[in-house]
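Here come two complexes built around chain A, the first alongside chain B, the second alongside chain C.
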Partner chain A sequence: MFRQTPARSLVLIVTLAGLAAYASAGGFFAREIVIEIAILAILAISLDVVAGFGGMVSLAHGAMMGLSAYTYAIFSVKLGWPPLPSALLGVAASGIFGTLIGWITGRTTGIFFIMATLAFGQMAYTVFFKWRWLGGDDGLGGLSRFDLGGLGIKMGNSLTFALFALVLVLAVYVAAAWVLRTAFGRTLTGIHVNEDRMRALGVNTVMHRAQALGFSALLAGVAGVLAAQHVQYISPELLVWTVSGEVLIVVILGGLGTLIGPLLGAVIFVLLKHEISGYTNHWHIVIGLLLIATVLAGGRGIYGQVEHWFSRRPPPPAGTAEAHDA
Partner chain B sequence: MDASFWILQFLNAVQFSMLLFLLSIGLTVIFGLLHFINLAHGALYMLGAYIGISAAAATGSFWAALILAPLAVMLIGAVLYFTLIDRLRGAGPMNQVLVTFGLIFVFLDLVRMGWGDVALGLSAPPSLAGTSEILGVKYPAYRLFIIALGLVIMAGLWITLARTQIGAMIRASVENGAMAATLGINVGRLFFIVFCLGCVLAGLAGVVAAPVTSATTGMGISILIPTLIVVVIGGLGSLQGAIAGSLIVGFIETFGAVLLPGFAAVLAYILLAAILVLRPQGLLPARGH
Partner chain C sequence: MLEVRKLCKAFGGLKVTRGVTFALEPGERRVILGPNGAGKTTLFNQLVGTLTPSSGDILVEGRSVMGLSVAARARAGLSRSYQKNNLFEDLSVRENLMLAAAAGQGKAHSVWRDSFRDAAVRETVAEVAQQVALTEMLDMPVRSASYGSRRQLEVGLALATRPRILLMDEPTSGVGPTMIEGFHRLLHSLPRELTVLIIEHDMDLAFDVADRITVLNFGEVVFEGTPDETRGNKVVRDIYLGDWQADA
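Entry: the complex of A and B
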């Protein structure tokens, strides 16, 4: 079950404030890094909602993000709609895609669920890879950012866009935390812990899982619109399954089932990537070894481990005990 | 498109199916025995190709490479077994997926450090360099060799599983591990043997594929997905399932590439999704699954 502890709130505020300060003080490159962190963090929080609390480890989150980005491009570039309704449609498309995947795969669990999400994600990837109208494997450019000129906000400015991205991270975190604390979120954890018992209590577990994946996909859709507006260019590479695998690594490194851990994971992942790339181009081996070490150390991730050290109570169920049979 | 074109495609499909079979049989029996998911299996295939290329360069003989590379991959597999795999046996699928996913990254960079980031070729042995006449078409002799090798290994594994004592022990352990252990079968040691054999076959597939596809650092990841599809479609833990799954995926990918260019991959994924939803145990599952 999810608890928004004071420590988690503190870490959230300090991290976001730190990133905002880094973006303000640093140059263009620092702002690019902050935006990259924000996109990855939103996607990781989205994945943690289903993987950490529902036991549904999805390899389709990259595809959800990409579908949202492409839908945004279809309406804003191809059909000439304004950015805001296009963005909402992008997020909605991702949500519908997620709900459908959840509904079709409702009875599969464990490795079979992973394989099924992989299949649906790769189907979406192949469709956009081959669709010449949307540029195929060349991708599609000419996307625009939100026009907030009426409010005196210039989104073309890299600092403004970085701060906007951080606001979205906060909004996504608050939305995820709020949903996880409602009866809906508690039921999701209940299904993860003991599906038979929840079914005996009258819960339609297949529909509930589908709705949870749909909600998670909505959040992934936010990351998609942000990614599309950031570089103002999209390509099928957004959807490929290794993107989802990378996000899963971020969630595990940060702390599965902690919600704040994935944000920290995204910060560390992106900073490490750029730091290590400065010395060597073999940064995959570092991430691979980190991942193996994290799992062998108990699989709690960075935030989960710290929480584990400081808590006098037995470890919270969402992050630890369940993670092993997820 | 005359008959010879279709015969060529048919032979290509069979040849690709054989490679998929060599990779998937180890993966599926390992899963059947202890429900262990080894995503690094594709990385072992890649290592087989690169080690094979170096071995061929060092010894000057393709045939030496064909023996040495699988053995080297088996050694790597044994080291992996004692350092990681053995500890993860009871750790649940999630941790196994994550650790072996991490191993993919580690092996990827180790190969890039050792051999660089360029595609490396391996030439087929001189005795197999030409073409042969089969079913009225000219076909590369080396590809026929792959088909023959696959069939021989398939037959060998079939006889081993169906007719020998160790085969009976493996089948019993796949069907009901706890009962097999109670009857005095050392399931852990059996698992180690099967794991090593799976590594040998993955390494062998790597060397054998190198003259056809040439070795790249992406080959391990790109073969992993079709192999997993074969395993799931066929049914976890079963030899017949691996054979059927390899042929289905091999033919879908080869003929799909000819008839529906670009959408061959989608066909395989649609089949995978359909099987997962309608028949999650796979087409020909091992008993007990």
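Entry: the complex of A and C
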């Protein structure tokens, strides 16, 4: 069952504040890194909601992000709509896509679910790859950012945009943590732990899983709009399945089912990537070794492992704090 | 309340349910007896919808539930406990009961409210914990609970949805005499309007709580009657009580 512990809140605040400071103090390159982290973190948090708490390991999260980005482009560039409604439609499109995948994959679990999400993702990729009206494999440019000039905020400024990206990370984390602590999230965990029993208790588990994937896809859609506005250009590369694979690595590295771990995972992943690629082209090997070490250590991920060390000392019985504060 | 009509089920050539017919009155306590492999659990699986019968009909309050999913039948008031524990292993006893109570109260889906903080859900959990003697163990992870406690929780989960028809599959299997006594008390404490169908090997318990007894053998109903009639019946004695008397 998900718990937003004080430690998790602290890590969230410190991490976001640290990234904000890094963006402020650093130059353009630092801000680019922060934005890259933010996009990856949103995707990773989104994936953790379904993978960590619902047992649904999806390889379609890249496609969800890409679909949202393309929908944003269709409405804002092709149809000339203002950015905000276009962005909302992008997020909604991703949510619908996720719900549909969840609905159709229905009762499949484990490896079959992974393969099904991969297939849906690749289908979406192929559509945009071939669709000349949207630039096909050349992609599409000319996307604009939100216009917050009325509030005196200049989104064209790289620092402003980096801070905006961090605000979105916070919003996505809060939304995910909120939902996981509602009846919906409790039931999702119940389905993850024992779907058969949950069904016997009267829960339509297929529908619930579909809704959970839909919610997760909404969050992934936020990353899509952010990515589209960041470089103001989109291409089918956003939807390639390796993007989803990378997100999964980040989630496992940071700590599956901890929600905050994926944020840390994204920070570590992007920083390592940029640090190491300064020395060698084989940064994947380092990430790979780190991943292997994480998995061999028990698969709790970096944050999960730390939490595990601390929880082994004086163990307050799980749930007591929650139990008596009605 | 619950009616089964000419139910048949075969696995390949093996006929596991053969024309089973019976009906439970509202509030009735019915015990199903039968030797190992008689098809008792298979019958339960068909009642709750995890197995589809080859033919026949199942009615709850006069309405066929054949077209309903497992979940829909549960929402119609049918709840079952399992012969082999089927719990939320990674969660605490309290969380297990909370999930069940929330589902039973239709509070499993809100993205706004936390079912675990819902007053009615908590009240049900407290009541059920009392009923199945788990109040002291609510915060224990299910994994580390004893077999006996897990057995009690198995029944607790079925009770926490507040069903109208409760199906229990050998609730006392593998537990000691003290706990069996506890089950007697539990069964007597259940609200009188609750309809209960129990698969049971423990004869004392069967005779103590049953209004009527149905005996299954090789997938067939070979006898139905009151506990007294059961004791005196020759067919039952031959296929079932023989064992029992030898044990006793």
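The criterion applied here is as follows: the second predicted complex is superposed on the first by the 311 of 326 C-alpha atoms of A that agree within 3 Å, B and C clash if a C-alpha of one lies under 4 Å from a C-alpha of the other, contacts with A are read in each partner's own complex, and residues count from 1 in each chain.
Keep in mind that, in the parts below, a contact is a pair of C-beta atoms (placed from the backbone, for glycine too) under 8 Å apart; a residue touches a chain by one contact, two chains touch by 3 or more.
Remember, it's a predicted structure, so these values are computed and weren't measured experimentally.
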item: Partner chain in contact with A:T205 - chain B first, chain C second, else both or neither; value: second
item: Chain B versus chain C as contact partner of A:N194, first or second or both or neither; value: second
item: Greater chain A contact set [chain C / chain B]; value: B
item: Which superposed partner A:L272 touches (first chain B, second chain C, both, neither); value: neither
item: First, second, both or neither for A:A183, with chain B first and chain C second; value: second
item: Contacts of A:V295 with chain B and chain C, given as first, second, both or neither; value: first
item: Which superposed partner A:F112 touches (first chain B, second chain C, both, neither); value: first
item: First (chain B), second (chain C), both or neither touched by A:A20; value: neither
item: Chain B versus chain C as contact partner of A:M1, first or second or both or neither; value: second
item: Touching both chain C and chain B, counted on chain A across the two superposed complexes; value: 323, 326
item: List of chain A residues in touch with chain C within their complex; value: 1, 179, 181-184, 186-187, 189-190, 193-194, 196-205, 208, 211, 215, 317-320, 322-323, 326
item: Footprint of chain A on chain C - complex, ascending; value: 48, 50, 69-72, 74-75, 79-80, 86-92, 94-95, 98-100, 102-104, 107-119, 122, 138-141, 157, 161
item: Chain B - residues contacting chain A, complex; value: 37, 84, 87, 91-95, 97-99, 101-106, 108-110, 112-113, 221, 225, 228-229, 232, 262-263, 265-266, 269-270, 272-273, 276-277, 280
item: In the complex, chain A residues that touch chain B; value: 57, 104-105, 107-108, 110-112, 114-116, 118-120, 122-123, 126-127, 129-130, 241-242, 245, 248-249, 252, 282, 284-285, 287-292, 295-296, 299, 323-326
